[in-house]
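Paired with chain B in one complex and with chain C in the other, chain A is shared by the two complexes that follow.
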Partner chain A sequence: MTAPVRRLLALAALAAVPVAVLGLFFVVPVSGMVARGFWPDGEFAPDQVWEVLTRDRTLRVLAFTLWSAAAGTVGSVGLGLPAAYVLHRTALPLRRGVRSALLVPFVLPTVVVGVAFRQLLGAGGPLGFLGLDGSATAIVLGLVFFNVAVVIRVVGGAWEQLDDRPGHAAATLGASPVQVFRTVTWPQLRPAVVSAATVVFLFCATAFGIVLTLGGSRYATVETEIYLLTVQVFDLPGAAALSVLQLVVVLALLLVAGRTRSTPVVRRPATPHRLRRSDVVPVAVTLLLLAAIAAPVLALLVGSLRVDGAWGLENYTALSTTGQRDALQVSVTAALLNSLRTAVDATWMALLTGLLVAVVVTRRSRSRAERRTRRLLDGLFMLPLGVSAVTLGFGFLITLDRPPFDLRDSPLLVPIAQALVALPLVVRTLVPVLAGIDDRQRQAAASLGAGALRTLATVDLPVLWRPVLAASGFAFAVSLGEFGATSFLAREDFPTMPLVIFRLLGHPGELNYGMALAASVVLAATTAVVVLAVERLRVTSVGAF
Partner chain B sequence: MLELADVSVDLEGERIVSDATLAVPDGSVTAVLGPSGCGKSTLLRAVAGIEPLAAGALRWDGADLAGVPTHKRGFALVFQDGQLFDHLTVGRNVGYALRLRRAPGTDRRVAELLDLVGLPDHADRMPATLSGGERQRVALARSLAVEPRLLLLDEPLSALDAGLRERLAGDLQRILREAGTTALLVTHDHEEAFAVADRIAVMRRGRIVQDGDLGEVWRAPADAQTALFLGYATVLDGARAVRLLAEAGLPAADVVALRRSALTLDPDGPLRARVREARATPDQVRLRVHVDGVGDLDAVASLDAHAGAGDEVGLHVDHTRLAVVGRP
Partner chain C sequence: MKRRPVPAAWTVVLLAATLSACSLTATEEEPSAATGGDAGGRVVLVTHESFSLPKKLVKEFEAESGIDLEVRAAGDAGTLTTKLAVTADNPTGDVAFGVDNTFASRALDEGVFATTDLEVPAGAGDYTVPGDDGARMVPVDTGNVCVNVDTTWFEERDLDPPATLEDLADPAYRDLFVTPSALSSSPGLAFLLATVAEYGDDWPSYWDRLLGNGTRVVDGWSDAYFTDFTGGGGDGDRPVVLSYDSSPAFTVPKGGGASTTAALLDTCFRQVEYAGVLEGADNPEGGAAVVEWLLSEDVQAALPDSMYVFPVREGVALPPDWEKYAEQPDDPFTLDPADIAAHRDDWLEQWRDLTTR
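This part shows the complex of A and B:
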């Protein structure tokens, strides 16, 4: 056997586990879901799918999806760019704290964000007079709230790495600050901005929890429409048609994202400069953003502490019950325990798979075929990022229900689905770190007599343990908040927190609503603690795509 | 004319430049010479307006520059590694400032400047395809395009290898003379300073310890450290200096600095010494000799001289290759 063949075989062996996981738990369910649409009664009937796609309602839903995603993207980029500049280039006091605070919304459970916005904008809320409750504007605001962190992370990370000397060179050649930005900074920053905008558009277009809780029945996106068609109308061909539509759009976007994905090369990180007079506008935007992000959270917190027009903890003490008129099957505290247990399982699954993927795609390729294979794998594992969690969840339900993979009653079903949702984030956190290790370090270790494992221990592990820990925290947070897939898969007697909150919202009764608020606070606090711990590890690739 | 009056610069709370006072007359090329880390680059960045002053004043033709932002100073800075804009072609790099001003005839001017720096036909190349020396030439052309009131050069040649550095130093001197540009150059290499500048300021630990015409500073270094930094091999003081000068028949002084080539082997030379060590180089024989009452010194001999360790020899003292230190 020749060396190149041996290398390819080794690559295949390493890749086997993650590929099998992805095949079984992603490709099979998603294609099962799609097949159910095209072959409704075992016979190929594409005309039904076509009929669904040309319905007026479908077109309206599609138009709203694209419009809201575009508006959300514009808003996130518009607010995120000045904030990225202030938080990564200037010496704003308490900069680290502000940065962490702005990262929290991204991992807040979507249901919590929805609840917080309703609390803020609803009839009795502090901003109720704006009349935004249930409006399209509220949905877009929710999307921006959620995604501005992505822009700050991705663009801020790239901006921080930008050498400031070309800018200085331009200034000594007579370029004003605006001209410096336009001619020098922007061309270097553009890939990061495009990449961030693509990812944000993707997230906005596939947002589920926010749209469902804020949009009610008036506004639907492709994602909530899939949910509606599947769960309430049982129109499987319709759901499948929309899933296919979504898949195609998402694949196209992922291709764009992959082409423009910025690989920040550490060149000469500039030291943050003191605030200047010209920084007034971006600093103001950043503070405004901070206030806008704090407002719904505060409204949520205050609301959870109000009982019958007075302050009190009753909403919290009620968390150990099943709510008014037994709205729930289990108590909220039990659901919290379920969530934590599920998150632990989802985390180790996502981490193990993610590590294997990261190692496979970052090893240096010796041939073109090898390089192609690695790039293909890299893209493949980004897929779950954009495929509707609803599609995934429903696909699980209809394909993993017979031997040899009858997992319907397995306690691992929900963690597996959540791990797949978290997988791309884990991979994207670890890949830049592994790719950043100079291969010559490994060669040096090997030339000093270190074997493969010893090389791993001396070169890779010291760099990797923090990102691994950070990725775990991130996966944990994602799992805690996952709503789309979980809503299909969780057993009635084993719900997670987001499900319980959603159910409480749907049941009449003031205490039930109060409990939903309190439960949201508890879930948000749990997630925030995890994320802030991750942030302390200072891994820059977390949350970057 | 640029004037620095008691200029101090702080970086991250630490004083990097203290009380620097210096004048750069119109049409002159002034070199700030100092070891790495002495604060000379920071001084240059402060002149460009990139770093703020902690104290003191910068003046151009008497007008204070405080509050004048970098892009309005008209001082072009050539960075150590060129800092070309990698996303623009060579031609667009050179024409960058002209396009900012929407000046007419950009293409012709760019061609002229590329000719001046010896890189015609390079306009369409991308910076990444250039060698280090070519990048520096392009950076220089780009800065000259602004017709700056003052050209600032931050170790423009130090990233290059020795042979290229020497050639480019000559070119740089010619280009600056031809363009009639006033320039302030910082470098740690005294040979670079000598090749390009006509005035020199020696900087050490954030302070300017001496400045003046090149020859002036060269002939009379302010102190022993300055002399060593200017390339003098040995500094003698007290009785040793007196004795050496007396033996050589020169007027007495407290401190004297010697270049390696100040002492040459000469059977009829006035100074008697014993050879401790002899080592041949391609140009000459380098000797280590002992002079009674003075100590061990460096000396040179031509390649055909037969001096071995232990030989008693005579030495000739070349008074143009020694300098009395600390006397202006």
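This part shows the complex of A and C:
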């Protein structure tokens, strides 16, 4: 076998598993649901679909979606960059704790955050005077609240590994800190920032609960509109039209992002430096961000400790029960265990697939076709973030319904769906790092007689170790907090925490409400602890072997 | 280093979590289908997330009938109906519960339910879908969506609470009302339908006045009731909220006495939930047995405490709190499900345009 053929076969073999997973659990369901819209009664009727696209309302909805997602992204990047710097490059006390705490919003159910936000911003709340309740600004704030952690993680992980010597050299030659950032740091950081911004944009553009809760259902996005058309109005052609529109926008975005992403850089992990006077501004931004994230969480904590107008722990002790008048099928503690189990499954699935994808897309291409293929794959795995959970959920039901893939009732669907949501985050955390490894190192290892596995272990793994841990914490958090797909697929006897919290909120009774708040606090605390634990596992000596 | 033992402890925590998770798929073995009894076998009940019945009742039913009941509950009534509609040719279960009168036509139009010759119990006949008359969709429970008021709030201010839909648009009650959105909440939609039933084609102008009078529209029922309503236990600022006729039974102070909230019985829209055997079910006999069971006295009597709805069966005793505080309207607003199906799109779009800025 000639070398090029072998390369292509190896590429295909590595890519086979992730592509098959994506095909079965994403491409097939989504196309099935969209096809329902294009063939409403078995007859191809694209005119109905076209009619929806030409409505004034569709244009308005699209414009608001793009605007709010763009604003949410700008806000997340603007606040996330300084925080990523402070938390990953300086020796800020307690920075590890802060880093994992920043992931908390990510897992809080949107229903609960909505309540907490509204208690702050509402007419009677401490920030009520701002008049933000139910405004578009509130939606954008909510989006930033949820997504700033993505920027901090993805960018921070890359920043941590940047060689700081060129920066020092520039500074010695008289460059101001701003100049150093602009000419040395930024070009190296850009791939990670673009990566993070892309993910955040997709998250914002497909946000559902937050738009409805904080916008008082006055604002419609493509995502809420698809839900409305599918579930309320049962206009499947309309929903299909919007799903296709969503896909087109996402593809365009990925195309643009893909062009600005890949610039390999030399990495050398730098030790965090002590805080300097020039760090005042980023530290201030970080503290402000922390306060802004802590406020709704504190509001939750306070609410969970109030019982009948006095302080008490009754809401917490009740977590081992099924709630007032048996609101739940299983106790909250059992649900927490369910969540943890599901999250572990979702995490290894996302990590395994994500690693394969990351390795495949970052290997140096020998030909143009090969490069194109790799780039295409890179974009492909971002798609699940950009497509409506409603379309995907109903798609599951109508396509995975016959042997050999009669999976509609499989308990594995939940972790699989969650892994699909986490996958882009994993890929985006790993790719910038892997792409940064100079391929000549691998060639050197190979020429010294190392096989493919040994090269992986000695060249890639030492660099990859930390990002993999970061990515696993991320995937874990995503899985713990996932609500949309889970609520659709979870089984009655195996609910996860967000589902239980949602159910408690929907049942009358003050204890049920208090329990919902207490359960949210427990979920948040669990996430923070688990993520912290995962990051503690960092083995620094791994680079030595 | 002082910190050393900490990572070890975390490792243990994590390992424990990991190990417990390894069993996830292992413990998820399907119970083998039970046999015995007439209908027997496994029956899958597809329903919405609010479905809940005492475990004891379910166990008794399984023991008596030999049926192994598997409940698949997910999403709200709209999601359930859509799910049933798109899977009509290959249903995900044998029997469904929870399609309500606002979605009934969609289920019937899409051929979701099979005809059964079940006997509808006395009293339930009033609630059947016109045209179907209980052949496919059998009514199981009913409840009313009504405007609720915080009576304490009004007493403290020596004000008479509003009583009718018209009152809500009265400047005397400015900035007091909060309702969930008709687009994302099923009681919210029911309230829109109540106004359509009352005002006919003029409902948009009523909503214009309502919104002009400072009505706040929020996302969901729990949001409205717990966050915005003064009587819901939160720090709300609105003493008038859209909720249910049964809600006052849940706001009775611990020491007893009168409920601190009341439902306005002239503002109610009636919701009915149906059950039926699915067309193409693997086990139609088992499905029919489940529908019959839902209509049995025991289950009907458990409905108020489990799902906050009233039984349709005549002569079923209500829980004491309900007997006392949950007053049902005599003559609630209703609309023909076919009418709702034909205009839902239109109404929601107009409502959207009215409330969306």
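The rule is simple: the second predicted complex is superposed on the first by the 314 of 545 C-alpha atoms of A that agree within 3 Å, B and C clash if a C-alpha of one lies under 4 Å from a C-alpha of the other, contacts with A are read in each partner's own complex, and residues count from 1 in each chain.
Here is the rule we go by: a contact is a pair of C-beta atoms (placed from the backbone, for glycine too) under 8 Å apart; a residue touches a chain by one contact, two chains touch by 3 or more.
Only a predicted model underlies this, so the values are computations on that prediction, with no experimental measurement involved.
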{"item": "Which of chain B and chain C A:P187 touches, first, second, both or neither", "value": "first"}
{"item": "Touched partner set for A:R36, first chain B, second chain C, both or neither", "value": "second"}
{"item": "Which superposed partner A:Q179 touches (first chain B, second chain C, both, neither)", "value": "first"}
{"item": "Chain A residues touched by each partner, larger count belonging to chain B or chain C", "value": "C"}
{"item": "Partner chain in contact with A:S487 - chain B first, chain C second, else both or neither", "value": "second"}
{"item": "Partner chain in contact with A:V302 - chain B first, chain C second, else both or neither", "value": "neither"}
{"item": "Partner chain(s) touched by A:L412 [first = chain B, second = chain C, both, neither]", "value": "second"}
{"item": "Partner chain in contact with A:I437 - chain B first, chain C second, else both or neither", "value": "neither"}
{"item": "First, second, both or neither for A:R503, with chain B first and chain C second", "value": "second"}
{"item": "For the chain A and chain B complex, residues of the former touching the latter", "value": "165-166, 168-177, 179-180, 183-184, 187-188, 271"}
{"item": "Touch list for chain C against partner chain A, complex", "value": "6-7, 10-11, 13-14, 17-18, 20-25, 28, 44, 49-52, 54, 71-76, 78-79, 82-83, 85-87, 90, 92, 106, 181, 183-184, 189, 216-223, 225-228, 233-237, 247, 250, 254, 305-306, 308, 344-345, 348, 352, 355-357"}
{"item": "Residue ranges of chain A touching chain C (in the complex, touch as defined)", "value": "33, 36, 111, 114-115, 118-119, 122-125, 134, 212-213, 216-220, 224, 227-228, 230-236, 308, 325-327, 329, 337, 340-345, 394, 397-398, 401-402, 408-409, 411-412, 415, 487-494, 499, 502-503, 505-510, 513, 529-530, 532-534, 536-537"}
{"item": "Chain A-touching residues of chain B, taken from the complex the two chains share", "value": "12, 45, 48-50, 69-77, 79, 83, 85, 87, 96-97, 100-101, 139, 142-143, 145-146, 148, 152"}
